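See below for the structure under consideration.
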Amino acid sequence: MKKIEAVIRPEKLETVRSALAGIDILGMTVTEVSGRGRQRGISLQWRVGEYRVEFLPKVKIEVVVLDEDLGRAMNVIVSKARTGERGDGKIFVLPIDNAVRIRTGDEGENAI
Amino acid sequence: MKKIEAVIRPEKLETVRSALAGIDILGMTVTEVSGRGRQRGISLQWRVGEYRVEFLPKVKIEVVVLDEDLGRAMNVIVSKARTGERGDGKIFVLPIDNAVRIRTGDEGENAI
Amino acid sequence: MKKIEAVIRPEKLETVRSALAGIDILGMTVTEVSGRGRQRGISLQWRVGEYRVEFLPKVKIEVVVLDEDLGRAMNVIVSKARTGERGDGKIFVLPIDNAVRIRTGDEGENAI
Amino acid sequence: MIDAGDTTWILISSALVMLMTPGLALFYGGMVREKNVLSTFMMSFALIGLVGMLWLLYGYSLSFAPDLGGVIGKLDFLGLMNVGQEPSDIYASTVPHLAFMVFQGMFAIITVALWTGGIVERTRFSGFLILATLWFTIIYCPVTHWVWGDGGWLANLGVLDFAGGIVVHVNAGMSALALALLLRPRRGFREGDPMEPHNVPMVMLGTGLLWFGWFGFNAGSALTSGGLATNAFVATNASAAAGAFTWMLLGWMKRRPSALGAATGAVAGLAAVTPAAGFIHPLVGIPIGIVASIIGYYCILWRTKRGIDESLDVWAVHGMGGLWGALATGIFASVTINSAGADGLLWGGGLQFAKQIAGVAAVAAFAFSGTWILGKLVDVTIGLRVKDEEEVVGLDISQHGERAYGGILP
Amino acid sequence: MIDAGDTTWILISSALVMLMTPGLALFYGGMVREKNVLSTFMMSFALIGLVGMLWLLYGYSLSFAPDLGGVIGKLDFLGLMNVGQEPSDIYASTVPHLAFMVFQGMFAIITVALWTGGIVERTRFSGFLILATLWFTIIYCPVTHWVWGDGGWLANLGVLDFAGGIVVHVNAGMSALALALLLRPRRGFREGDPMEPHNVPMVMLGTGLLWFGWFGFNAGSALTSGGLATNAFVATNASAAAGAFTWMLLGWMKRRPSALGAATGAVAGLAAVTPAAGFIHPLVGIPIGIVASIIGYYCILWRTKRGIDESLDVWAVHGMGGLWGALATGIFASVTINSAGADGLLWGGGLQFAKQIAGVAAVAAFAFSGTWILGKLVDVTIGLRVKDEEEVVGLDISQHGERAYGGILP
Amino acid sequence: MIDAGDTTWILISSALVMLMTPGLALFYGGMVREKNVLSTFMMSFALIGLVGMLWLLYGYSLSFAPDLGGVIGKLDFLGLMNVGQEPSDIYASTVPHLAFMVFQGMFAIITVALWTGGIVERTRFSGFLILATLWFTIIYCPVTHWVWGDGGWLANLGVLDFAGGIVVHVNAGMSALALALLLRPRRGFREGDPMEPHNVPMVMLGTGLLWFGWFGFNAGSALTSGGLATNAFVATNASAAAGAFTWMLLGWMKRRPSALGAATGAVAGLAAVTPAAGFIHPLVGIPIGIVASIIGYYCILWRTKRGIDESLDVWAVHGMGGLWGALATGIFASVTINSAGADGLLWGGGLQFAKQIAGVAAVAAFAFSGTWILGKLVDVTIGLRVKDEEEVVGLDISQHGERAYGGILP
C-alpha cells in the first residue's frame, strides 16, 4: 500500500476526483492548504498599491492505494492536474505500513 | 516510531481524544478535512430541489507514537470512532524516521 | 528524499519560511491545524467565567527535501521556531518513495 | 387626527423592531456551533413568517380588541376587521390604527423568537413550530392583553410596563427557562464540552442591530413623536451603555474584558430599561443598566453551576433584566417625566412598587407554568427534541438539509 | 407646502432603499462561491457609485422631466436644473423636489443591481459597467417614464404600479433572463457541479436588510406619511411573511424546510406585493405572497431543468413575482383603499386587469429584447464574459485583484 | 415649539448615527488580521458604552452649555441638568432639548471610535480606555464647543462646519496620525509582512452601514426636516457615490478596480462632504467626492512610503477628506442654499475661505499636539502598547481572552 499526496490547483480538484472515480478509485481525503514553490505567491490589490501574499491556496489530495494501482492513479492525477504553468503542484508517494477500516475493523489491503 | 493518521467523523473527535488521553496519549494534531469513500457525499437542499456535495466534512487525527503504543492507540481509535455506518473512516499507519521536540531539541523517541 | 512535517506556532511561520528561503528551500505546503501536547489547550472567556478549548491553533509545514538537505532544513526550523515555552511543536521526518512535478512530469529527485 | 410626524415615527419604529429579529438571529447564531447556525437562524426567521401572519389573522384581536373579562380580547379585530387607515378609538390616536397594529405585531414576533435562545442546538423544527403557534396564542396574546389591552386586568391594576419589560422580557425569559428544564441540556453540556461560539463578530453585529432597533422598540412605544419618545430614547441608550460597560468590567475583574461580555451586557441593559424608559429620568438608565448586568452575570453563574442548559441565557439576561427593570420602574418612575405614569417608591409611591411586583409575579408564574405545560404537550405528542444522532450531526443538516458554509469547491 | 412629517418619511425611506443595495450584495454574495464574492459585491457597490451619479446628471430628467411623446422625459431637469428645495409642481407636493428625486434615484440603483444576479461568477467587470450605463439610460429611464412619469404612455393608459412591480421587478427579471441566455451558463453548471452557496448566514442577513429596506421602498412610495403608507407597510410585511413561510413549506414537502428557501420566499413575497401594496387591503398581502412563492418555486424548477443558468433567479423570483403582483393588482385593487387607484377584477374592474396585462407585457417585451440587444452589443465589442481561466480562478482575483478572506498569516 | 416631524427626524437620525459605530467596527474589523478582530471591534463597542455615559454626565455640558471664554461650556448641563423634554433656548428650537443632546452624543462616540483605526493591532486595552476618556474630555468637548457651541471662538469667527468635517474628521484624523507616530508601526509592518484584510465582505457591510448612517449624520445636522436636510442628504449621496467610483478608477489605472478601494473611496467622499452638505448645491457633492478620493489615495501612498503605520488610514481618508471638505465649503458655499451659511470663494466670499483655513488649522494643530501629549502621558504611565508576545499572539487572546472564530469542535 502506498499513500499518494498530491498538492494541486483548487480548480483542478473536480476533474481529478472524477477521473480517479473513472478508474474506480473513490476513497480520498482532501485538505485546503497553502503552498509555495516556483510560483512565488501572488500580489493582491490594497487600498492603494499592492501587497504580496507568499502562499497560494492549493488543495492536497491524499489517496491510499494498493501497490498495483499506484501507477495508474499517479498517471491520472498528473494528466488531469496539469496546465503546464508554474504552480501545477507535486505528487509525493509515501509508504504505508498498515490500514484499518474503522467501520469493520478490516486490516491491511482489505481496508482500502 | 509510527505515525497514525485516522480520518474520522467530526463528532467523534472529542470521544477519541479523551479515550487516547485515558491511555496517556496526549500529543496529537488535528485537521479539518473533506473526505469521500463508500459514503459518497451528501445531497443538500437548495432553493428548489437538491444538489450533491461530493465531499463530507471529516477530521484527520495525526498521532506519532512509540512502536509499543501503536496497537493500543489503534484499538482505542477503532473502538471509539466506530458507529458501524458507512463513513466511519480509516486509519493509516506510516513509518517515521525521526522526531524532534522543537522546544528542547530532543530527538527520536525522547521527542514523543 | 524525506518529508519534514513540522507543527509550529502560527506566529513563527513567517520567520521559518524566510529562513528556509535563506538556505534555498522554497517549496513547501502549509496547513492550519489544531494541536494538543504538553501545552494542554487554553481557557477562553465566555459571558461569565471561562471554558476550555482542548486544541490550540498551530501551523503544519510540509517540506519534501533531498536527503542531503534534511539536516540543514531541520536545524533551521528548530532554531527559528523555538521560544523555549511549551507548545513550540514537533518535527517529524517521513520517508518518501517518489515525487513527481505535475507541470513537467519529472520524477524522483528532479521533482523537488 | 392623523399626524404625519407621529405616523412616520411609528412606521419607522415598526421597521426598526422588525429588524431586531434578524438582529437576534445573528446574536444567537454567532453563539452556537457551526453545525447549528442555520437552525438557530431559522427559529427566528420562520417566526417572522409565522407570527407575522397569525398576528394579522387573530393575534391582534386576542391582544387588543375590546376586553373580555380582563383576560383576553374579543374577536372584533379578527382578520383586521375594523382595523383600518383611521386611528383607533382607544390606542394611539394620532396614527392609523393599522400602524399601531403592525408596530405591536413586531413585538409579538421578537418575543417568540427570544425564548428560542434557551433551547438552541437540540430542538426539533416541526415541534418547535407547533409550540411557537401554541405559545403565541395561549401565552403571548393573553399576557399582552392583561398588561396593555384596554381593560386587561394588570392594566386595570395599574401595573406600568412602558415597552414590554414584563410582556416581552419576563415572559420570554421565564418561558425559555421552563423549556430548557423540560428539554434537558445539550449532549456534552454537563460533560464540559466547550460549545464555543462559532463567530463572535456575528454576535457583535447582531448586538449593534438589536441596539439600533431597540430605539424603535422603546422610544416608539411612546406612540407619538416628541418629548416622551425622546426621554425613552435617551434612557435606553444610557442603560445599554451602562450595561455593556459594566459586564465588561465584571469579566475584567475575573480575567479580561470580553467582547461577548460587553455584547451581553448591552442587551441586559436594553432589556432592563424597556419597562421603565418612558417613566424615569433618562439618567436613571445608568443605574438600571449597571444593576441589570450584575444580576445577569450572577444569574448565569448560578444556572451554569446548577447544570441548567438555558443555552443563550434568555432567562438571566432578558427575564431577570426585565424583572429588575419592572421593579426599577416601581422605584424610579415619576409623574414629572410622564404624567400618564405614576410615582415610584422613591417619590413615595410604595403602592406602585407593590403593583409592579404583582405584575411581574403574575406573568412570570403564568409564563413558566404555561410554557412548561405546552412544551410537555408538544414533546409527548410530536416530539420537541431531535434524536441523538441528529443532534450530533448538527441541526442544519438534520432539520434543514443544508449547511451554513459551503466547502471544497471547483 | 412642505410637511416636516412627510419629508422625514421620504428621507428615511430613501435611506432605507439605499441600504437595500448593500443588502442585495449580501444576499447575492452569500450564494456564490468563495472565489466570486467580491465580484458579486462589486456589481452592486459600483452601481451605488455609478448610477448614483448618472441619476443626478441626466437619469432623473429622462425619467421624470416633462413628457416627450409619452416615451421619455425632456432635459428640463438635467443636472438637477429646476430641482430644488421646494416641492415639485407635479410629484409629491408636500416634500422638497430634491427628496422625491433622491428617493427615485435609490430605485434606479437597486433595479440595475438586481439583474446582476442573473450573470454572477462569469461577467467581465469592464463590460458590465458599460452595459449597466447603457441599460440604465436606454431601458430603465424610459420604462420609469412610461409608468411613473407625468405623461408616460403606460401611466396615461392607467396601468397601476405602486412601488415598482413592473418598473423594477419585471424589468430587472426579464433583463436578467435575457443576459443569462446571452452569456450562457457558468462552467460546470450543466455538468452538475455543486455551486454551493459559500455563506448562507450572509444570505439571511441580506434578506433581513432587504426586508427592512423594503418598508421604505413600498410604504415610502405613498410619498406622504399617513394611512396609505401604513396600508402599504402592512401589506408588504404580510406578503413577505407569507412568501417566506410558503417557500419553506414547499421545500419541506420535498424534503426539508430550508433557510435558503425561506429567504428566497420572503424576497418573492416582497417583490410580488410591490406593485399592489398601496392599492389592496393589507390582508390580501397573504395570498399574494403565497402565490408568489409557488410561482417562483416552479419557475426555478423549470429553468433548472432547461439548463438555463439564470444564476440567482432574478427572473423567477423578481420577474415572475413582479408580474404576478402586477396582475394581482388588477384583481384585488380597490378604490376604498386608495382613491387614486382603481377597482380590480374582483370589484368589477375587468378593464383594469387588462391594462395591467398590457403594462406587464409591454415592459417585459421591451426589457427582454432591449437588454438582449444591449448585451450582445457589449459582448461583441468589449466582451461581457471573462476568459475561461479567469472564470476558473475566480472573478475576485481575475477582475478585482483581491480575495474576500485573507489566509495564512503571521 | 416641538414639531413631531422634526423630532422624528432627529430621533431617527440619532439612531442612524449610533449604528455607524457598529458599522465602523465592521469596516475596521474586516481590515485587520484574524487574531485582532475582536480587539478592533471592542475599541468601538467599548466607546458606545463609555462615551455614551460620559456624554450624559459631563460631556454635553462642556460642549454645549453656556460659554466660558469661547473655549469651553460651563457646567450648567452637568448630569443633564436643565436638559429636558422642552426645546433648548439656543439649539434646535423645534425638538426636545434631550433630542439635540443625544444626537450630538452619537457624534462624540463615533469621533473617538474613528481614531482607533490608526492604532489597531497593537494597543493595550486598558491604556486605550484611559486615553479615550482623556481625549474625549480634553480634545473632543472643547473642539466641539469652539465650532458648534454657542459662543465658541471658531463659531464666533464664522467658521462653517455643517456636520463635523472639522469637529469629527479633521479632529479624529490628526489624532490618529499623532498616535500612530507615537506608538510606532506594528511588528512586521516595515518588513513588508502582508497584513492582509481577513474579511473584505465584512468591510463592505461596514461601508454600507456607514453610508446608511451618514444620512442621519449629515442630513440630521440640519436639525429640522425639510429642504435643508434634503439638500444635505442629496449632496451626501452624490459625494459618496463619486468618491467610491473615483477610488475604484484610481486603482484600476494601476491595476484592477478593487472592492476595498471602492469602499475606501465611499468613506472619503462621505467624510469630505460632511462639513459642506448643508451649504452647497447638491451637485457639488460630485467634485467634492472625486477630489477627496484623489487626495486620500495619494496620502496613503505617501504615508506608506514614509513607513508610517497609521494602519487604517484615518488621517488620509477622514483627516484629509475632512480638511478638503472644510476648504471646499469655503469655496462652494452659497447663501442661496442655506441662508444661515455664507458665500464661498466662488461667489466672492474670499474671507469665508480664509476663515475655513483658520478653523481647520486651529483644530488640526490642537488635535495633533494635544493627542500626542495625552498619548505620551498614558504610554509612560499605564502603557499604551502591548508587549511583543501579546502582539504576536494577537490582541483577541492577549487583551480580551477570547477569539473571534471558534474551532475544532464536537
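Letters A, B, C, D, E and F mark the chains as written, and numbering starts fresh at 1 in each.
In this text, a contact is a pair of C-beta atoms (placed from the backbone, for glycine too) under 8 Å apart; a residue touches a chain by one contact, two chains touch by 3 or more.
Quick caveat: nothing in here was measured; it's all calculated off a predicted structure.
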item: Between subunit B and subunit D, the fewest steps along chains that touch one another; value: 1
item: Intersection of the contact lists for subunit A and subunit D; value: B, C, E, F
item: Contact-pair overlap exceeding half with B-D, pair selected from A-F, A-E or B-E; value: A-E
item: Gap in Å, rounded to a whole number, between the CA centres of subunit C and subunit B; value: 18
item: Geometric centre distance via CA averages, subunit E-subunit C, whole Å; value: 51
item: Cα-centroid distance, subunit D relative to subunit E, in whole angstrom; value: 33
item: Residue list for subunit E, restricted to those that touch at least two other chains; value: 3-6, 8, 12, 188, 193-194, 196, 199, 205, 255-256, 258, 260, 392, 400-403, 407-410
item: Per-residue multi-chain contacts in subunit C, two or more chains; value: 11, 14, 30-31, 34, 44-46, 50, 53-55, 94-95
item: Of all residues in subunit D, those that touch subunit F in their complex; value: 3-6, 8-9, 12, 16, 33-34, 188, 193-201, 204-205, 207-209, 211-212, 215-216, 219, 224-231, 233-234, 237-238, 240-245, 248, 251, 255-260, 262-263, 265-266, 281-283, 286, 392
item: Of all residues in subunit B, those that touch subunit C in their complex; value: 3, 14, 17, 26-31, 64, 94-103, 105, 111
item: Complex interface listing, subunit C residues touching subunit B; value: 2, 6-8, 31, 33-38, 40, 54-55, 58, 60, 74, 77-78, 81-95
item: Subunit D residues touching subunit E - in the complex, by the definition given at the top; value: 2-8, 11-12, 14-15, 18-19, 21-23, 25-26, 29, 37-38, 41-42, 45-46, 48-50, 52-53, 56, 79-80, 84-86, 95-96, 98-99, 101-102, 105, 125, 199, 202, 205, 399-407, 409-410
item: In the complex with subunit E, residue positions of subunit A that touch it; value: 11, 14, 34, 42, 44-46, 50, 53, 55, 57
